[in-house]
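Chain nomenclature is as follows: A, B and C, assigned in order of appearance, with residue numbering initiated at 1 for each chain independently.
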Amino acid sequence: MRVFLEQLINGLTIGSFYGLIALGYSMVYGVLKLINFAHGDFFALGSYLGYTLLVFASAVLTTHLGPWTGMLAAMAVAALSLALVGVLVERAAYRPIYPAGRLPAVVSALGASIIIQNLIMIVWGPRYQAYPASAIPNLRLEVGAFGFTALQLAILGISFALMAGLYFLIQKTTWGAAVRATALDRDTAALMGINFSRVIRFIFTLGPALGALTGVMVGMYYRQISFTMGWSYGLKAFTATILGGIGNIPGAMFGGLILGVVEMLASAYVSTAWKDVFVFLILILVLIFRPTGLFGEKVAEKV
Amino acid sequence: MSAHLPVSLAAGLRRAGLPLVLALFAVYPFAAGAYFVDVGFFFGIYALLGLSLNIVLGEVGLYDLGHAGFYAIGAYTTAILNTRFGIPVLLLLPVSALAAGLFAYLVTSPVIHLRGDYLCIVTIGMGEIVRLALINNPFGLTGGPNGVYGIAAPSLGFWVLDSSREHYFLVWIVVGLAILALRRLQRSRIGRAWNCIREDEVAAQATGIDVRRHKLLAFVLGAVLAGVAGNLYAGKLMVVSPESFTFWESCLMFCIVLIGGMGSVPGVVIGAAAISLFPEIFRPFATYRMVVFGLAMILMMMFRPGGFWPRRRGGLEARDLLARLWRRHD
Amino acid sequence: MTDPAQIVLETTALSKLFGGLTAVGELDLKVLQGQIHSLIGPNGAGKTTVFNVVTGIYRPERGRVLFEGQDITGLKPHRIVERGIARTFQNIRLFSNLTCRENVMAGRHCRTHAGLAASLLATRRQAAEEKAILRDAEHRLRQVGLWDSRDELARNIAYGRQRQLEIARALATAPRLLVLDEPSSGLNPRETEDLMEFIRRIIREEHLTVLLIEHDMNVVMGISDRVTVMDGGRKIAEGLPREIYRDPVVIEAYLGAGA
């Protein structure tokens, strides 16, 4: 039972990471029908920026203001930086390609991903880096028979708060409605007065920023980061997007959570080595039997 | 767009072109050093892989980002059957091809009806499942992360093909045969059916084409050709390991087809050249090589999205083709 | 009493539901050999849905579709084409980046047999079949007057001619029933006249039966032998064109009560 609960918490934690990253994929895919391969690398870049901040400002931040401030500062810096990077990448690498169609856009996204990933490798080196131990809060809590770290709870809390906030934003505000409308029917949305460029700017600042925040949290949680993490997290997060239903933004979050839990339970009860295979198999089965994802996408084709 | 040469000159070039290219290919391994002959070999492998994916992606328009899985099945079939049972590598060529084809049939049958993007994700998943399964060494067959080593070189009776030059010619003869076969398919009822499916699946159905069967056929044939490439690869390297069959490889193949020109055989060969020769040309810039590669991909899509050598001039430009697909799929 | 041998297409109690929406409800339809049968009704009446069920794109929830006495309910679209029903679409669906000739050649697919082996080996039989396909495509293109544009891409020819190309492609499948979804849509009056004349001509030449959806009353009145009117998924009237024209039920369906 204890193992189950611990794995459940682990699963929800990593699931919330997938979910937050998946949001970025889902928003971009919903509006542009583009698989933004570079999104995983936004996440990685955010993680590395947080790392750099913590390493170089460690004296000030963690010594004087405590590791929590350090973490929040890293998240803020990463998020703001990636919000900028996201818009720049869209402007430079994607916008000129839209008229050429979907496949060229995908290739361009792959190109952008390669560039960012290799720039990370060039700047920070090909070996693993680790978030400095001094930057990690090491408060432990005991609740009955279960032990958690304060960090874990904080991360879960922050992640869920972010997801709740995103859910509210997408479902209940006009900004969110604009994004959803554009995803459903771009031309009609434009006719209704929705400024397409603004929607683009919105999703390419919010998505990468969220990804970057998540990157810092991952860095704090697992400590080790590598320049290939964008690839691995990105692929999982994208499958979470599909699991939730393409273009279904809240669905992406739930898809991430489910994916994380399934992955952790699989690694605990099936085998760690085969957990990824298990996860992909689940995805494929879902697509065979429920092709529009678990929560359904909102597109239909009229003949 | 491109400058128009006077008709006679263009026709003359075209007639002289093919024999000239063939001559260049034949002479190259005698003029170049062993290292560069090896580069030529890998160019051939990528050409074969590109042609195999072209059937699925270029002719039928199905987004397959897991094609490295079929390549892996071919390579590992050769590796395992040769190292465990001593079966000659060359004999294993059709066996590996069939194994890959059978695998493709079994695995894509349940998902072939899925809409474009979902099929894409499933192919990514399949490719990853193959790679992960190979790493996990089920039944002790695949050697785990280190792979299988000690694969013999291909041989015809007493003639063992183990020099760079011999491998080079072997792969390019296979590529030549593949090109002949693919050209014939392009001009056949099946090739037409494939192109119709790519253009408009619903209309193809309504015109009497069995869409499901033809999609499946494309996947199986693509897998068969990729399996052939796997066998040739295994026979040359004598070692196969999961690292050679990653998602990245599938992406490379995807780019070869796209950059070369979808559905265009000469385009795919050019795309393979670009992909395999690129790292060599940019060797001096080693660290920045990949950054430049990524940049090149973006620029290519910006200025020549139809590919280096599109199938139809003024016709099947990716830009227009896909703009229509985009509208349909919204 | 209608001679059963004369019924080309028949639907019995055909129903198609989408969730809670009854797109087609209990439809009984009989189309007779050699006739031009029009299906009309206000937008959303379910006409295209009927076509989609008949041609196998949708499965009906209830009822059957019989073609030349054989039950074809639930067959896949390409099988139905093989049986002898060909269709065109409301929004023209051509193979845009293929040439006109290639579009029409596609229609011959279901009537030819060259498989993988034959194509790879380029057998004599396959070569002969390819020649026959080219000949047939030429015949069809000339029939619709598109032979001059045979090597043009389908998306580059004029709209009216695209319609004709779609019909040529359908004819290439050698159908016995031609199902046309709003063939005059987007055509000017002159083109519409040509189309009507063309339909009359091919019926005679090819011994076809035609079922069509139309909004243009000139076409309906001008060429139909029989008209079925639908509204809200159900048949509300049926008969000769001139009977339908004056039927108050029909008028009300189109114009609303109190017209």
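We take it that a residue touches a chain if its C-beta (ideal position, glycine included) is under 8 Å from a C-beta of that chain, and two chains touch if they have at least 3 such contacts.
Since the structure is predicted, the reported quantities are computational estimates derived from the model, not experimental observations.
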| item | value |
| --- | --- |
| Longest centre-to-centre distance from chain A, chain (CA-based) | C |
| Chain closest to the middle, measuring from C-alpha centroids that were averaged per chain | B |
| Chains most often in contact, by C-beta pairs | A-B |
| Whole-Å separation of chain centres (CA-atom averages), chain A against chain B | 32 |
| Chain centre separation (chain A, chain C; CA means) in Å | 49 |
| Centre distance in Å when chain B and chain C are each reduced to the mean of their C-alpha atoms | 41 |
| Overlap residues in chain C, where contacts from two or more other chains coincide | 57, 89 |
| Touching two or more other chains - residues of chain B | 202, 320-321 |
| Numbers and ranges of chain A residues touching at least 2 other chains | 303 |
| Interfacial residue positions of chain B with respect to chain C in the complex | 181, 184-185, 187-193, 195-196, 199-200, 202-211, 217, 221, 312, 315-316, 320-321, 324 |
| Touching residues on chain A, where the partner in the complex is chain B | 33, 35, 93, 96-97, 99-105, 107-108, 110-115, 117-119, 122, 185-186, 231, 235, 238-239, 242, 246, 273-274, 276-277, 280-281, 283-284, 287-288, 291, 299, 301, 303 |
| Complex interface listing, chain C residues touching chain B | 55-57, 76-78, 81-82, 86-87, 89, 93-98, 102, 105-107, 109-112, 114-116, 119-120, 122, 126, 129-130, 133, 153, 155, 169-170, 173 |
| Chain B to chain A touching residues, read off their complex | 63, 110-111, 114-115, 117-118, 120-122, 124-126, 128-129, 132-133, 135-136, 202, 247, 251, 254-255, 258-259, 262, 287-288, 290-291, 293-298, 300-302, 305, 318-323, 325-326, 328-330 |
